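Per-chain residue numbering starts at 1, and chain names A, B, C and D are given in the order in which the chains are listed.
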């Protein structure tokens, strides 16, 4: 059992940067695809689109572009470990010429953190070059991979994305079109996935039938009205080949490159963008959906709209629900920057307790931490966040965060607040306790590291030193996402696949 | 005269990253000095202290350390162009061994942006090695430099900091101590300056007699009480050579390395930290002070306390004063991230209009912009900030920023808000119109570029497309800083020196 | 027709570094494989082995290592563009742990000069990881590749080496052993090739049946006698698993890592090194051989012994044959550094004319040339080589080089000699005129660029400004290589395959 | 006493790259200055000039250029650790615009191996910018430095070059011209030096009165005759401001950039090149000269001519003298590449014993050595040089090198030759035993490391395993350099200063 936390623990509470990072769940990817049928250069839009999706993966990134008017197989590729702004430099773009392109940002677990596993996966196959970007996790990848190996295939990477690419290429030999090959391959897949495939003359997107992973369609350029309304563009309605069409993990990436959001890709939809128009195949669609609730809780950008729900509204509503369910008599509400702030504002409004910006976040902290040796551990939380003392002194405080994984960061923040003179610190979490692993592409610590999966609520409260600790209930998700069908397996062990 | 801004201007409104950067005033430096008389390594504390001061200068940085028990002249130095986390790597610290050190972050105008001009200025002189870090501007540096040259000196850099270093070294030949030499040199200086000098066995700080530039004393290590109270430590009171003493531009840098703030250095004070104790010389102190008001408006970190005033409180008070003076009937208050948010919260509370987080800021934008060519200008504001549409649609909005320099960013933000459906956008600026140049170390655009210095308030309003535009009045500074004597020359042309 | 060269041409004779480089034929690769059955680390031996083979390819390089006692598929790989000493750094070796490894240096034509095409080709296949290095050219690679594509395979690279790897992997599914798969694949190949394959537990080498490309077996470590004699080690004779066995393109690479040369691999031999012993399969061997004569003329290191012939002896014998056939009454013999010197020494001895070191070669020239713009062409020959004036003044000179490709370098050298006061310059080339393309892995300029293929001997002589010009005859190859069966297709259009 | 060397020592004889490097004496610098009075760009000529002088220093390098038609003080500088081709890249030259420039290559002892100590020393002084490059050593630098410090000066570097720069600048305040200031400063100097100073409108060279260090004048461009004759150009004779004038450490650097050598600068001469003409001051010249003999033995390029003596001829003559004095009955003569080869050729001719190229030198070895750890020492000699076995087998060999410092390399080469079957190895050194330190700019190991200073000739012979060992006698220097007055203090303890 945990011992209770006290102020004397400060000196032992040094937390490394890695521990801060590991105290959050991690999305595994962001995808971006773009096609300008009438020509022009798309690589810079891919670049800026990836910058806008950088929060979905910071380990590796890549861009592949091609020219649909050139010979089949003229693909240009660059990918490497690092942030988008670290990997790509001005001079790279003179080598990345083309009017069709895909890009990817990647987060991965330690083992597979090598450049070979970066995406796009790009190969030459029977029909020319193919580049594929993938967000999600194929649960049955190993079965498919083994079958591929018995056919004499070999794998350069250890990713399920390469397995998927080979499956599509293998099916392409006997298919009339790339869309048919993708459908055939997709029908064999289990798991959550949002994929964009660039073939010599087409940009094809697919989303898993449950809609676990997001994918959005957008358009850029010759749109006339400036009002930002979302259009439909099902099956060539209003298609204009002088426009540039975009598929991206989040709506904010489309807007960041000056584009307009059209609509979400439907779960199970295969959408094909060619110079002739946009067409969709819905054969894989099904009744049951299971949109990942963690996109709404934490992953997605606060300014994105996903499957019809504005992310920041969902988060504010979670805060309001939390206030109704777990009100506390406090002087101020504070949020843990940045992810806890929207819910904190909702809590503040619903509970009618003033919201106060009690933490300062150093935006230059980036990758600045020197790897600590045994002798010199660094108080990374302290470097990243500091407390505005006179805002919290002698106050009863409600602190809101979106989730607790290991609890190390929250423990440190409570010590900092109490050292600054806070009378009481009540913790409210705008999601339920995280208890079960995710099989669909979210990097989850082992359950041993999930503080809530091993300890009672009271034990956790004591360990982090909070005066009270309450969570959003699973039932309250309805206030966040209405009647959207969601996957909440990590909270209730009910897996859709 | 400006033409009125309309929504149709969007396509012409592309603003480069440089323009965004140039639409803010710039501080020219941050300084950090540290001394552990009883030994140990200080270079990592300098590193983390500079990370905490990075907002004061992003162009170049440097660290010099020395070992006070070694021979005189054993100084180790590294400095280069770039952010602190870009310049320093793990392996550098094995070369930066020592128990006394100084560090510097630098912002500079384009002309002098070369590595030679980075600080610390480090030289070997008659008494061993000397390293100097400097925030501010010596108005009469050229006069001093010419005299130095006639004595046969030569300059490696084009900085006034090197002139100051030579002046101190020259005076040192005929002085009994480094403190006397510094006093003699300082008495010749005009301008604003906060300087930390590392000589072979001492860390000496000095602040200009007007107190234009800030400097704070702190302590780390063996302090017993955990309450964070500020002590005094004038002339050896409570000095303990097993502690580590720090001089830094801002209190937050002391806290970021795990230290405790003791007090501000007095304007004109020369403080000397040796293994024997801490002593101060107040001979250069004078009645009149002139603390830079822009530290409170924009430069300093929101979590710093400077000359007794908590920065974030000053900013919130400015927002409250603005609300009393320039109230408007609106639905929501929004702040421009990050610098406009404290004042916006103050405005919201005073005016009793809800504060709304209407902008999303991409924290990965960093140095990501590819230099635009003539054909491909990038909408940098758009990449960095996006609007949460449903928060602003059909709303009357008060938008708060801390200052307007060129007006380009605000113009773009108003277009974005109106495109998202805002009914009206009222601009409130938590400082007066910026009209005159600064001679004390703040980088000011030419008056041609200062939108308020050339145009009437009504013209500016029309140009940026605001429904109304009002500023904080000079008189209202009293709400920010009480009776602290401030320099407000950039607003009223009344220069202290 | 060429105009005659005169001294006035100097100012127009600026030759770029690329032109110097292109004035030589290029080998396309060097391979190195090593296996220490009893454990230990081999990556540094691969590194130093590649340094020793660097002359065979300077564009890209790579190392793959594995641990035969670990799980199958634990391969570590690094490859990149650049010289071996540029690509590999100390820290890389902590990631390259293993007791079996292969390495490669690559030269390639401009088109395929991308990192993806660097070797080793490394993949995971049905039996674990496989890494392959290849020197040579598979003439029928495109046919094999197309068949592979119709089976649903895709290619990451545009190399014939990847095609070969896939062929082996495909054959492995239905084979009892990797050796059988390699034999089956090799029997389908046309062209010249020396290949080393690293499979999870074995190091397998194969040489094309004509022996066009070289491959040598060596041993390191526990050999007792220090006399450097070559052993046999056919089929486990004297095998000791505590030794380390090596396969390399040249004997000098084996000696450079402290090893001892055992024997050349036989043309068509498949040699398999396992922890149990060394065995060979000779089923693909045949009567007819066709060893590449250019290895003896220029490619191989002067200190290598290849198929029983010491390279430097072959070159000296070529010089002697040239002296007998094309004697000239001269004062001194000079060689073009480095490749022309052995033949020049042979010529000198046979003709009894003193050998003089008339050129100084700047060994720091490396990659130092700044790419010339139109205005500023650089005289690259002049930078690289200079003439010792008083050695050549008023002399009748015989200058020896190993070959003439475009003639640009020789033209420049003759101008330099004549400017230094040479009375006459007689050119002797220790190979016949190069007239036909090579299909087996040597990079040959288009015949348009081959000066000898388009112009008469007299025209070439005039163009380069020589007083006489003569070549080694094809018949004289017997003096170089005795009765070794050689491929001389580039001289006489008689292709073995 | 040393134990006798045997073949069994091989395994213990691993020699690191550093040891090879330390087994040679090191020159400390090369200088290059250039001025084109009529305009144009000189930085690339400085670059290629430094490439040609790279053998004189490989640790650091730098280039400073200025525009004599611009304002005084417009100097551009780049310097860093590394080879010339590593430090400078194409893009640097767009920042290095100017028609006057100086450059430097530096070798230094470990202690001062930091970027600050790289040259040119560049500063702004009373007359504008000054850049100085220096080859040599100022014996009384510390005295001068101390006086400077008492005048209030401070030093950024630990070089005597900076002391000299300050001395000139200090004297310039009270001098009518830079030439007068240089003369005044030079008259205070003790030691060996060749210096080029770039002041705002002049390029001034000076050579120490003994002529210890070399300096040569050259011209480029509009010279009419193509015969390479050396002109005089004393005091404006034939001056043409449309030419470009060069001062360089060696004649070969002038020729490498397409220039023509005019003459050596006289010992004690101060030569000034301006837009008006070339003038010299000979007031510091004196009767006694003391040219460094090691330039002829080892330092200078083989193709240079220095003070009237062709380097390669001097070396061949040393070999011939050695053959006369120390003849041995042998089958072949071999030289240690590269420095031993000219003397070996001379020995061969005089002794009428055939010269054989018995070693192969890997030209890619460069900086390729991975720093050895305790467990894994590398046989660096073995990697760099290999023996052509059939050239040496059963032969009695004379091996020639230019000098022996520690003896480690020669010991290893003898082992290699004997392992290859040599019957006897007789060592002949084309310089006398090196016994005393150098105070004029040559890096000399401590006498403890000088094998000849601590041990008898017979002990050294046994230690390196030679069958006989003989040196050139001091008297025989006359065959190398005729009646040129030389400094041979390192051999006979007779110091000129």
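Note that in this section a residue touches a chain if its C-beta (ideal position, glycine included) is under 8 Å from a C-beta of that chain, and two chains touch if they have at least 3 such contacts.
Being a predicted model, the structure only gives us computed values, none of them experimental.
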**Relative to chain B, chain with the most remote C-alpha centre** = C
**Request:** Between chain B and chain D, tell me the centre distance in angstrom, where each centre is the average of that chain's C-alpha atoms.
**Result:** 50
**Asked** Any idea how many Å lie between the Cα centroids of chain C and chain D?
**Response** 35
**Message:** Can you work out the whole-Å distance between the CA centroids of chain A and chain D?
**Reply:** 61
**Complete:** Shared-interface residues of chain C (touching two or more other chains) are none
**Request:** Check the chains against each other and report every pair that touches.
**Result:** A-B, A-C, B-D, C-D
**Prompt:** Which of the residues in chain D end up touching chain B in this complex?
**Reply:** 77, 116, 122-126, 130, 149-156, 158, 165-166, 169-173
**Request:** State the interface residues of chain B toward chain A in the complex, per the touch definition above.
**Result:** 7, 10, 44, 47-48, 51-52, 54-55, 58, 83-85, 88, 90, 93, 226-228, 252, 255-256, 258, 301-303, 310, 312-313, 338, 341-342, 345, 349, 354-355, 357, 360, 362-368, 370-371, 376, 378-379, 382-383, 386-391, 419-420
